[in-house]
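This is the structure I have questions about; it appears just below.
Chain nomenclature is as follows: A, B, C and D, assigned in order of appearance, with residue numbering initiated at 1 for each chain independently.
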Amino acid sequence: MQILYFAWLRERIGLAEETVASSAETVQDLVSELRAKDPRYEAAFADTSSLRVALDQRLAHFGDPIAGVREVAFFPPMTGG
Amino acid sequence: MQILYFAWLRERIGLAEETVASSAETVQDLVSELRAKDPRYEAAFADTSSLRVALDQRLAHFGDPIAGVREVAFFPPMTGG
Amino acid sequence: MMQVRVQNVAFDFAQEAKNFASSVQDCGALVTFTGIVRNNDAGDLLALEIEHYPVMTQSALENIAGQAMEKWSLVDCLIIHRFGRLALGEPIMMVATAAPHRAAAFASADFMMDYLKSRAPFWKKEVTDAGAEWVAAKDSDEQALSRW
Amino acid sequence: MMQVRVQNVAFDFAQEAKNFASSVQDCGALVTFTGIVRNNDAGDLLALEIEHYPVMTQSALENIAGQAMEKWSLVDCLIIHRFGRLALGEPIMMVATAAPHRAAAFASADFMMDYLKSRAPFWKKEVTDAGAEWVAAKDSDEQALSRW
């Protein structure tokens, strides 16, 4: 599974993209696995209410299942326009 | 006192502008004087709720006084934009 | 600052928008509205004729623009309105607003359009093969003013 | 019909508005909104850097434009959004809408801006002499969506 990070999340984790083997059932489970990896991840994902997630390029919720998903992207609230 | 007519009011009266000597106190009084002049005026001013009035180039009401006013304009509701 | 033009000659709304934008400083949001001569439902419109009340028009539009400037603390605004005979597809009028943020730019342009429709002394006539007919004012245009 | 462009290079909003207008038929009302890089409150902004999520951006914007087309039966609409480094005064993005009447043209442009702010994957960073800082999303932008 491909995982992407954007904006300050990318900077805090120090990585734009990585491939992860995960057996997580939901986005939230995946976040728990990531937080366990490293203190940088733990800090970056400390408050998921200030983060957004997209599954295969579609906005999703942290409770959503990720079975079959190929690309998970995490990022702060968007500031376009 | 100068009186101006616009759009269909001008066409029905057959006149864009005329000078009138009037002792009317309000716009409504002036309308009554005009209606008495001629059947074309009577027809044109039959329903003042479908007309608008401006006194010296400012939108006004039919009950407004016209003492000191130099130019009275009558016209249908505006359709700019 | 705050331009109002009432004119018979055609104008290029994109060129006007460009000039307007290049004249403003410290503007984060720019809105333009352009009204264009559109065919009627029967599809037989030949032209639009716009009558106005010359001495009053300029001051009525300046009043509307001035209200918008003050109410939304605009950086600048522009109104152009034509009169006379207009062909299908020609711009009738435009408004442009410049503000620090988008909400003010949108609301002020919307406000100016509402006031311009019902408070500026213009009257439209549709010319078709069958003759010419004055456009009736819509109750909804008058009601729209209660929004502000 | 319905153009969406995500690009690094600068664009001329007036030229884009002109092209858009000349491509539409039977349109009585045309609205454009342009967002421009504006100085920060401290007045020391050097540039704006916009990051985006390339694979997702185009489809997110097409989704927003498609919703606007359908909800207001638009004649046409346009979204252009830049990414990368932008200088003070440069256009960041624009939307344009064409509709038979003004209410639809205004509301759909306003709607697209609200959705674009909170639902399209762009992130702005302000670059100043003191360093670079990510722009925080505003609660009011998220709340604005409840209008539609």
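By definition in this document, a contact is a pair of C-beta atoms (placed from the backbone, for glycine too) under 8 Å apart; a residue touches a chain by one contact, two chains touch by 3 or more.
Just so you know, these numbers come straight off a predicted model, no measurement behind them.
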If a chain touches subunit A and subunit D alike, it appears here: none
Length of the line joining the C-alpha centres of subunit A and subunit B, rounded to whole Å: 71
Centre distance in Å when subunit A and subunit C are each reduced to the mean of their C-alpha atoms: 48
Separation of mean Cα positions, subunit C and subunit B [Å, integer]: 26
Per-residue multi-chain contacts in subunit C, two or more chains: 35, 102, 113
Residues of subunit B touching at least two other chains: 81
Chain-chain contacts as defined at top: A-D, B-C, C-D
In the complex, subunit C residues that touch subunit D: 12-15, 17-18, 21, 26-39, 100, 102, 105-106, 109-110, 113
For the subunit A and subunit D complex, residues of the former touching the latter: 4, 6-8, 54, 57-59, 71, 73, 75-81
Residue ranges of subunit D in contact with subunit A within the complex: 35, 50-53, 55-56, 59-60, 81, 92-93, 113, 116-125, 134-137, 142
